[in-house]
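Labels run A, B, C, D and E following the written order; every chain starts at residue 1.
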Amino acid sequence: MVIGWGTGYDPLHVTPVFLRGLEDVSRLIWNPLCVQNLTGYLVKGALTPPLEEGKKIGICVRGCDSRSLVALIQEKLLSRESLHIFGIPCRGTLDVRRLMNESGLSQIRSVTIQGDHLVVQNDEEAHRFPLERFLARRCLRCRHPNPVIYDELVYQPITPRTAPEDAYRDVEAMEARSLQERHLFWSSELDRCIRCYACRNACPLCICQDRCIAETREPRWLTQRVNLPEKFLYHFIHALHLAGRCTECGECERVCPMEIPVTLIKEKLNQITRDLLHYEAGLDPEALPPLLTYNPNEAGI
Amino acid sequence: MRIGVFVCQCGTNIAGTVDTEAVARRAMEYADVVYATSYVYTCSEPGQQEIQRRIKEMNLQGVVVAACSPRMHEPTFRRAVERAGLNRYMFEMANIREHVSWISTDKEANTRKAMELVHMAVAKLRFNQPLFSSKVPINKRVLIIGAGVAGIQAALDCSDGGLDVVLVEKNPSIGGKMAQLDKTFPTIDCSSCILGPKMVDISQKENVTLHACSEVESVSGYVGNFKVQIRKKATYVNWNACTGCGECVRKCPSRKAPDPFNEHLATARAINIPFPQAIPKKAAINRDYCLHFTKGKCGVCKKICPVNAIDYDMQDELVSEEVGAIIVATGFDLFDHSVYGEYGGGRYPDVISGLQYERILSASGPFGGHIRRPSNGREPRDIVFIACVGSRDASVGRPYCSGVCCMYIAKQAILTRDHLPDSNCYVFYMDIRSPGKNYDEFVRRAQEEYGVQYIRGRVGKIYPRGDRMVVQGADTLLGIQVEVEADLVVLATGVEASAGAGELAEKLRISYDQYGFYMESHPKLRPVETNTAGVFLAGACQGPKDIPASVAQGSAAAAKVQALFARDAIETDPQVALVNERTCVGCLKCIMVCPFGAIQSKTLRDGSIKAEVLASVCQGCGLCNATCPPKAIQLQHATDNQILAELNILCA
Amino acid sequence: MPVELKPKKTTVAYYQGCSLEQMASEFDVSTRVVCDALGVELVEIPDWSCCGSTPAHSYDPLLSAALSGRNLAIAEQQGFDVVMTPCPGCLKALKGALKVFKDPNKREAFLEILQMPFQGNIQAVSNLQLYFETIGTEAIRNRVTKPLTSLSIVPYYGCLISRPPDFMQFDDPENPISMDRILEALGASVPEFPFKTECCGATYGVTRNEIVGKLTGRILDMANRVGAQAIAVSCPLCQQNLDLRQAQVNRYWRRDFHMPVLYISQFMGLAFGVEPESLGIDKLFVEADSLLDILSREGERDQSVGGKMA
Amino acid sequence: MSRAIFIPRDGLHPVLDRLSAEMDVWVPVASGPQKCGGEFVRYVPGTVPVLERQSTTPPKRILLPQVESLLSYAYVKDPEDASRVKINLQAEIAAKPTVVFGARPCDVRGFLLFDRVFTGGPFQDEYYRKRRENTFFATLVCRQWDAACFCSSVGSGPADMEGSDLRLTPLEDGFLVEAINRRAHPILKLMGGEQPTKTQLEAAENLQKETTEEQVGTGDLTHSGDDFRGRFEDLEYWRSMVSQCISCGVCTFVCPTCYCFSITDEMQGLEGERLRSWDSCMFYQYTLEASGHNPRPSKFERYRNRIGHKFSFIPAKYAGMIGCCGCGRCIRSCPVSIDIRKVVENLKENACACS
Amino acid sequence: MDQSAASGALVDSIRIIGFLCNWCSYGGADTAGVCRFKQPTDLRVVRVPCTGRVDPLFVAKPLIYGADGVLVSGCHPKDCHYAVGNLYARRRLEVLKNFLSFMGIDQRRFRYTWVSASEGQRWQQVVSEFSETIHAVGPNPLARK
């Protein structure tokens, strides 16, 4: 089986496809609207039927997705041998919601990519937009457009958009605010959370899934209330469980129906682990996530 | 749950600054509390009886005592409630003495704090569960890794105690470093004369299985029930047949094989028995030098062997052993002095290590016990000993004291003066470390009776002048620079962890320090235990040690094993981690962090992977619990729900 | 005949410092000649300033760092990523500047004084490091036209070239071998020399020359004992003490040393077939005529042998 | 008294200010850092309603809050015998007069189902009923639909006013507001506003007519019960349709017709609250039994249930009414763009299972 | 020394939670008590076997729900009763500490430290300093119910 992307309910919306035979290959597409990180399907018992021992599964990954694979391999949740990885150097994917909202487009007939432009044809006319204008936030800060692990590279590698020192500019912008402003910001953002758990379920590294302590009563970390502290704690759980593991694929933020910038929280934790523990997740399949190990002679702590 | 609360006045120790009556009254308002009282000395016999009486009378299912520190009286009260028929874990303590009454005189604040602490204890108790220890049977066999003097002593003591012993030695003979020594300090008795009988004992004990030329391949299981794989390396000689007659060695045409037993001062035959007293006294082929293997012809040994023991097709063999405990006695390696460029970096043949000199002194050594210079075979006249080479020197990464060098160079200087009365011996030293019994007297004898010249200072450089060596150093007592011309320079090379110590530690799941020495469980109180239950340490693998200390540790480790084996089963502390298989997602992060190797994975019938705690190995630290993302692994008696209950009292 | 390999052209920034302007001008001259022969283009740092030497860093380490930092910054602006200096003292100052720059606690103060853009993307190396690590002894061997076959030369490294080891990051601190290997590549025989890094007395030559007399005497004596006909050095101060002060040594020890002390680059130049005058050999206090004689005799013999063969 | 008023575009605030002084008024607003989404919030003067697009979340929570306290309770110990306790219960149902201003026909359609579920049977849900009776819907004639909308396919349409009390017709320069039932008259009065001109009335009527004739979405999904039952055990069908589902609860939480809830007691010490909170059939925990057994262990059974509930069980129980209002929110907000229409259409035996 | 008496009414509202490992810091607090070292009364101790047991969420939760301060104390690094528990804790808690203020929670409200069983004096100092800090920072604005 190969997991890739295919056209969804309209030309702007892409949906994951599971190719089970050669006849399915024609369903496969790749363009800047292929927004989903597919690696989550490989874990969390999400594959049906589960992968047979010794059998390989093919998966299409962008740079960011490939880091998720590395992280999963590190934690032995996936074996490298069971994968055939189609690596796709990616110039960035689009924030479709923003595209629709700002362009005011609705009845879309077709979408084509012409160079650096997206051409959307609706009932009346063709609209041309520079891709750059609607890039997702996660892509604007991308440091790894090229897959870090793959069996086959589908296109030529490309130059990263963001220099490493620029990686956490959104975090830094947030930190320029006062403590109180930050608190107000998160209070108003997280207050919109409806606890639909899309952020959690879309995350390839949120391996607890159905057993998440946000839902269980044994142990009972959270109640059914939807007040602000509960929402804060839920997002703390999500973020802290990803500390030192998150590969910044940005899925949590993309899938949030309430548009809460939840990836930003993980970006901060990644900045901390980078500065404190000199670790960047999802790059070295041999490395151990820093919070699952220790150093008796810790430098910098 | 029906909970009873007993607030101790501790005379006036608590009641002086805490209104204990008020605390008891308030406790009655807490959920599930059906009885609360204040008592003058709860830990006293009548106090304990009062608790027991109330348990029965009020049909209590849980008890909270607010008194002193649980580190003081928790065991006392647990026994008390147990006598009244409650499970000992249906009990909680609130520390209102050390943490309240003794640290503040503000009675109002203290009383309020005591109330909250009692409330927390009650809240936690509501989540307590009766816990029971389980029993794990013990396989009463012991594996001893390393057959130096420490391992030999441990093996003999265990064997004498009636235990089956599996002894693994990586070299072809047992005996370790001690077998290479000439004499021992401070008694100057012959090393092989005192070690030899012990080695022979090992070979004759029926309950000792010796695997020489063997290494531990893997270890699984846990205390009482380890499974060990041992790799027996191919010697190309059938040891069951070999009689050790040595005929093959004498006839072997390949004479350039290295001779590690003689510290490479001599060479050996490609088929060799390391030394005359070797146990087992069996020949082994070094295939890198054997002409049969390198050139494909020869076969002299095969032809000559009277018992037809040569087997060129022999392969490494894996042997499985099951044991209940493991003693690690893998010893040490000698520091490699070639990192000291100023001492020639190993380029000068007459600058040698302490152990090389030991072989020179030994009657079974390369020069038959005559002191000669390796460069030209002549007798030396001036001999310089340099202490602390690879010890107490942070610049080579060895800041620790090797402990034995001061003594062995004193011994070697005395022996030198004995062998060569006309010789001059000089010792450059930093400090003399001689704290053992009769040790300092021994060093003084070297100085006073044997006329060994001790010069306090470091040597900065050794260089050749003609065919002699110039030792250039400082005499810090006189404050001058000194130069001594010497025929032979002996470096008191230090002790370091044996090569491969880390690898073995990982197999055994024990920890080691930054230098590779194995970590004892407690530096003072548990010197031969490790943090892995059932694995013990003996000898220099734990840190530099001399012979008496190694022997003592060998015996100590043996005693620990016997104490462990004195019972038929191990009773486990139930305050261990427990996996809820329903919520375990099989990510196995718990296994990655467990310091004790107490968690393993298992596959359920439906194919799903779950973690499983070995209760007898788990020490109850709770690291897995903190690590587990879905909190499926819970430390019993300190579960998330119990801790959350305490927190909820304070901030929900 | 080995085929002459044209090494790839390497361009480095060159910082000669003040010693090589004056006292040790032959070191400068010979280094330039040798580098040219080896295909290394040396580009003198424009408008370079003094590294401050001992006075600067004993007065204020930050000042010292800034003085050298300026030279590094200029070189960096010119687009170089390597600065080579033959003088170990200058090298120490340049490396010191980089160390200060890399120290987060000092960087700000350093840049404040420097008042120039500086990224620190440049490294400082010695001539030896350039020969030994960048060019390699093989390339040097291939460039030799007049091998020093009949000469027995000991290398004297002094204290600074490989030490402190963490700081210099070059060669072995106790038993350096870079010059040994270069001399061997030139064809010379290089006896084991235990006093490679013994102290020469350094600047005590100015204030208490009996110390230099004593220490340098031991070095010359050992060179003599091991059968050396000459000493190779790579430090202006070492050269000064061993060569200029050899007369003082002779007075101190009542000896009669006559040991030519040449810069490594001078030996290299000779082996590459450069005329001695172009290498400043005539500047030596202990004349090297005897060496040159041996070499020219050697050359003649070679030629005559060659003639016969032809 | 008039049954219609005209509110000029810049006159919306005074109207809502007046209204909100007397009752709770909920309006859709833009939310999120990019202001792409929208939700209904309680209007206070200054709130900027966004009526030009459908909100991300429907007005569902106004009548069925995500969490509500059904009752609170406290155990009181007997002073004589602390092991004997009695329980004090307290339940309060607050229902203030409320106007939902600017909902769309699909939003309101959800409540038609809720009315059946909560108040249609022998047991009345007092909490819902009281709120429902006090709530008025001022509903837009909808002119903005996109590729995910399909209200016509479920038997409704962009001008369907069933369940609404007032009709808002967007005109060039403002809104025409009409009361479409009696109970709406006081609200209209409270709004004030201008008398509509004839042109305005005519323009509105034209727009309404035009809109009523619009077909939003293709096909008819209202008779899928049999097809569903036919596919019930065809696991391969469900796999091919929804393998990409990630089991989050977005579709249910943004759905105007999903009403599933769970009831839990939250207790601290001797006091507690009984909470009713939204649940999602897409969650594993939803059907997890105390024994550990789960009758719907995988996302396929759960998704199948979602389809079955909306298109088979509900129509069977409520006389053909289907449990879907065609708002398209579940399609639009789905992280992996699953299209519920396709899943329902393909139930038909001849439809290609694997598309 | 006794600050609770001095600072009056405000004290009532300050609530500090301390997670102490059973082997070192709980013992250290006991030692301080045995030595009658006076300490502020704001601290409420939760006894845990090891700082490695302290999931950062145990720290985050009270701070979110309105506790004024959280103190974690364990064995000195390399002295852990369980060998390495505190070394894991050190990383995790340090990460948390750096994270809190990003979410708008004053990171001064959280401290982790090492106190051995013999260090009664040090314990007194740790508690007094931390209490003083929390009083200076003031009650947690995320007021508890």
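A few remarks follow.
The definition used in the following text is that contacts are C-beta pairs under 8 Å (C-beta built on N, C-alpha and C of every residue); 3 or more make two chains touch, one makes a residue touch a chain.
Everything numeric here is computed off the predicted structure, so don't read it as measured data.
By the document's definition of touch, common neighbours of chain D and chain E comprise A, B. Path length between chain B and chain D in the touching-chain graph (shortest route): 1. Of all the chains, the one whose CA centre sits at the greatest distance from that of chain A is C.
Of all chains, the one whose Cα centroid sits at the greatest distance from that of chain B is D. In terms of C-beta pairs in contact, A-D outnumbers the other of A-D and A-E. Separation between the centroids of chain B and chain E, computed from CA atoms only, is 35 Å.
Here the CA centre of chain B is 52 Å from the CA centre of chain C. Chain geometry summary: the mean Cα position of chain A and that of chain C are 57 Å apart. Annotation: 60 Å between the Cα-based centres of chain C and chain E.
Counting partner chains per residue, chain A has residues 209, 216, 221, 293, 296 touching two or more of them.
Residue positions of chain B with contacts to 2 or more other chains are 582, 593, 627, 640, 644, 652.
Multi-chain contact residues of chain D (touching two or more other chains) are absent. The full set of touching chain pairs reads A-B, A-D, A-E, B-C, B-D, B-E. Here chain E touches chain B in the complex through residues 2, 4-5, 11-12, 15, 17, 22, 26-27, 29-30, 32-34, 36-41, 43-50, 52-55, 58, 61-62, 65-67, 81-85, 88-89, 92, 124, 144-145, going by the rule given at the top. In the complex of the two chains, the chain C residues touching chain B come out as 172-175, 192, 194-195, 198, 222, 225. Residue ranges of chain B in contact with chain E, taken from their complex: 69-72, 95, 97-100, 102-106, 109-110, 112-113, 116-117, 120, 511, 519, 531, 575, 593, 595-596, 619-623, 625-627, 635, 638, 640, 643-644, 646-647, 650-652. Within the complex formed with chain D, the chain A residues making contact are 8-10, 12-18, 20, 24, 36, 40-41, 46, 48, 95, 97-98, 100-101, 106-108, 189, 192, 194-198, 200-202, 209-210, 215-216, 223-226, 251, 254-255, 257-261.
If you check the complex, the residues on chain B that touch chain C are 340-342, 345, 347, 461, 463-466, 470.
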